[in-house]
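Common to both upcoming complexes is chain A, partnered first by chain B, then by chain C.
Moving on, here comes the complex of A and B:
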């Protein structure tokens, strides 16, 4: 048998950590055959990105290969100089990066950036490069390729940028493409189209794909073989079907159990609606922004919904659907152009000054990104305490007591109180954000993509925490998300937003099991992991 | 775009008027009297009545607002008044001194930019950690060196000890070498600091990894991708640093005995020659405003995102 296309052999990679070195990849071996799709699955910190950076020779500063071999078609390239690797990169190995938003140079045209890879590896004239770039852009399904060549990245949507990056990666028909979370920054319907595109181009040229993902669903749908990584070592490997249907390691089983899946049941039975008026009423809400021409841009158009107290209402939609505008209006950060919002029976438009301030403590926000929503210079205690300082004076001892209580309640060790956010993991930070929102004892919590940036196991933990807090305190949640599977797990009712309008509303069961609108059906069909086996209960969850 | 341009120019004019007004009021508020300094000299033997007449001839007795409008009107028509000390129109002494300072400032700025670029590129391209670290430490050293001390040191070393640059009767360009160096070093320091920090920040951007993954070499990525992005914030700082350049010129010209705006300013301060000071302030403010206007107008050409925001 001939050598595999890529053979990683007992690879060790470490980073400089002060005077010492911290090893993040421990003796990993893995093969990729020509034309094969291998998914590297793991959570943040598993070493999956470091591993592929080592393969393409682009470890960040301080990173070093300590041992082992990386053989490309039988030749060990682990010790190659950057100069030798330059000839290899783009030509035989290429990269599709994670975040299309920051992966194109903002001050160069699309044409210059696509043309660059041709210029570097081929002796072509200006006209030939232009011709080839046009072909490439047409191949990845971009409309008006000639126009795109002269445009800058900020003039393209995220999906279009990822298409440009795919055009670059496939330009020279390399034998191996490394795709590092190629779709995790994209909307779910765009995600599916991009993965389909990579699949098609790859099949045509017989290119192998090393797909790095945290999403077992994506791996299940796309990969021939799956390698599960944890803490820099291989936990499990095998054909995709075998790993998913009969996982051997406990870690893989846990990962599988934590994937939010459409087939998974709701975390707990739907609570009986409490007595009293609705917690939130939105009536024909509209919000205009000054547009490009004379006509204003209508971000939200005639949106209405009602949320019963103690329940969870989800607002689902892709970027630009008006989700953010809606929640900003509900917390009173933006004035609606038309329509009415009642929160806890109060009409927001009538609130001024002190009543508006008093209103703010009833409704709190938890943001998407736990890495940027906490002030890095404050201690955890100061972060959680801050909302208490904004309202009527609370004695210092009482403040400390309340902070300690809520921090313990959200499941954080009290030893973390004096630490700063940098010392915490993503999941711990999101717990801090939840504690900060709950310390004022609000009645309504708005969760803006609050679990989207988290690993699946952490995501599952946070969802369980939210669910527990709701049952305990009778909270009403407004859960904004693009992730239908997560919504399925936690929400009672749902509004599907598209272009500022509600295309479908109802209970989660009704909308998910009998979607009437074609857009809702598209959204549901686009969720990765439809090939995953039905979830089974896991001991840890019981 | 045109509307934004006009608005930006309008802003610049408002800044100039404010600079003129503020300097006028501040100079008036000083208790000093240039006419007294010059004419109270007992050798001249002028009686108090005669001095009062001179006062009136210079218009010093008029109410403040009328002096202000008068001076403003004159400035707008290009008449900067008469130097009390030298007895010649301020315009003439400016015309005699400005070109020398402009040459010094332009060369100093150019040298500073080249120095800053050299330090930041070398520190990023060198493979030797010790060289990288020592180059990266240079700007902090440069920024803490006072101009006058550096000037004297340069003369000591290069003129007196190494005898590379003549101090007695140097040629027109030789004369400029050391002052330009003395001026450039402290200006280059903040530029290099900003540039190095920006280069480091841009290097961590994903698009740099994508460019490397295409097979572009380190050098090529630095030139084609990193520098165009890292220069953008540096440009703003460069505009602001221009003000420092003017302040630096005063010291440099004094240390090296050059004639220019710097020496003119220094003498005017010593003699409390208000007309000259007022003109110097307005000239400096104009230069400052023009440079920053140029930077603002240059920005959209370098960053398409800003061009787009402007077009809206």
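Moving on, here comes the complex of A and C:
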């Protein structure tokens, strides 16, 4: 057998850390054969991005290959200079970067950026480059390619930008494409279309693909072989089917159990709806924003739903569907243009100043991004304590007791109380945000994509925590998400939102098993991991 | 308004009671480690500023000679062992005059920065946090101030207030209000949109409490950086005003005045102008370097 297309052999990579060096990749070996799809799966911090950056010679400043070899079709390229690598990159290996939003130059047209790779590697005339660029854009499924050539990145959606990046990556028919989380920043339906596109292009030209992802579901659907990374070393490797059906390492089993998937059972049986009036009633809610022209832009249009106390209602939709506007209106941060919102029997429109402030005790919001929702200058203790200072005075000792209690309840070690958010991981920060929301003992908790920014394992832990809190305190959750699999796991009833209108409503079972609206069906079909075997439960730990 | 500082002091004293010796050792070790990691240019900048501050606090320790009374027959002497930087036209020791002048230039710069910082930050904070009409009015006023050349503005204010070191400092400070206000406003607008500020309102915080607890502390980092930068600029501006005769009256050994007095003798005794000039340049550069360090390490 000839040498594999890419052979990584005992590769060590470290970063400068003050005077010392911190090793993040520990002797990883990995092969990719021609035409094969290998998925590199791991959580954030597992060293997967560093590994592929080393392969393509783009380690950030301070990064260094300490040992091992990277062989491309038998030639070791680990020690090559940037100039020698330049001849390789684009031509034989290319990269589809992680974040389409920041990977295109905002001041250059799409045409200039697609044409650049052709200009650098091929001697082509202007007309030929234009011709080839048009072909490429058509190939990646962009509508009106001639129009796109003259447009700038900000005029394109995230999915379209990712298509442009794929066009650039496949322009020279390289033998290996590295895709570093190519779809993490995109909505599920867009994600599916982009992955399908990469698959098609790859199959047509026999290109090998090294797919870096944190999502085992994506890996299960697309890869021939899977390599599971943790803390910079390989946990498990093998054919995709074998790794998924008979994982050998405990870590892989944990990962598999934590993936939210449609096949997964609900975390707990559906609670019997409690007696009493509904916790949240939204009636024909509408919200306009001043638009570009004279006509205002209607973000939410005639939305109605009710949430029974003690249950979880999910609002599902892609970005721009009006989810955020809806919940901001429900917590009283924005006033609706029309319609009525009742929270715990109170009509929000009647609240002003002090009554509005008092209302905030009953309903709290947990934000999507735990990195921006905590004040970087406060200690964890001060963050969790703050809501208590806003209402009637509570004695200092009593405050400290309540803070310690809730912090312990959300599963944070008490040693973190004096630390600042920067010292915490994403999952820990989200626990702090939940503790801050619960310290006032609200009746309703609104979770705005509260687990979307987290790794699957952490996500599963937070979901279990939320579930436990609900059972314990009889909380009502309004759970906003674009991730249907997560919704399936935690919610009782669901509203599917598209362009500000509810396209489908009902219990989770009814909507997921018998979707009536084609859009809902699309959303469900787009969830990655449909090829995953039904997971086995793993002992809860949150 | 005082809740935050009291809490900080309380936690500090608690830590001190539990293990004072260990804490002291940790601080000492941390200090040395921090010093080793600091770039040498920054250490030098701090040394320059520290020296000048010491000059201002205790000039007698550094220069024994009288800065005001001269000895006529020792006029225009070049630098020597007796007179480190030579003497001026009236036979006064130049080194002593520079050392004793530090207090005038530094206190002037301090007053100027304080005036600019307090007035500018308050204006910017109110404009950024309130928004709407208040914002519009304050920022147009600031635009107008920015449109007038700083020196001209300072001179105008001095003409209104009268001559003197303190008035010159106030004039320089008022001229810098606009840049402080602009920077503060932009920072406040940035912080005001952050999730944690919205979360603070969402948990029942009132406008002023959220402003005090979250918006102000998180906006101040770059404002402090600007203050350090303005400190250098203020020394330069006060020297300029002194040079033009709008600042301290002779025989005060203010730095700008020293440079002005020496310029008549520049061909025969260049040190009289050069030495204080170099001191001003060093102090301004050091202040610049330190301000960059502030701006570059958001903590």
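Please note the rule applied: the second predicted complex is superposed on the first by the 538 of 542 C-alpha atoms of A that agree within 3 Å, B and C clash if a C-alpha of one lies under 4 Å from a C-alpha of the other, contacts with A are read in each partner's own complex, and residues count from 1 in each chain.
The working rule: a contact is a pair of C-beta atoms (placed from the backbone, for glycine too) under 8 Å apart; a residue touches a chain by one contact, two chains touch by 3 or more.
For clarity, every value in this text was computed on a predicted model and none was experimentally measured.
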First (chain B), second (chain C), both or neither: which does A:334 touch?
neither
With the two structures laid over each other on chain A, which partner does A:509 touch: chain B (first), chain C (second), both, or neither?
neither
Applying the document's definition of touch, where does A:231 land relative to chain B and chain C: first, second, both, or neither?
neither
For A:364, decide between first (touching chain B), second (touching chain C), both and neither.
second
Quick check for you: in the superposed arrangement, does A:377 touch first (chain B), second (chain C), both or neither?
second
With touch defined as at the start, can you tell me which chain A residues reach chain B in the complex?
56, 58, 60, 82-83, 86-91, 93-95, 97-99, 102-108, 116-117, 120-121, 152, 154-155, 165, 168-169, 292
Residue numbers on chain C that touch chain A, as the complex places them:
3, 7, 11, 37, 194-196, 198-206, 209, 213-214, 217-218
Where on chain A does chain C make contact in their complex?
18, 331, 333, 357-358, 360-361, 364-365, 367, 369, 372-378, 382, 386-387, 389-391, 418, 433, 436-437, 440
In their shared complex, at which residues does chain B touch chain A?
204-207, 209-218, 220, 224-225, 228-229, 232, 302-305, 308, 312
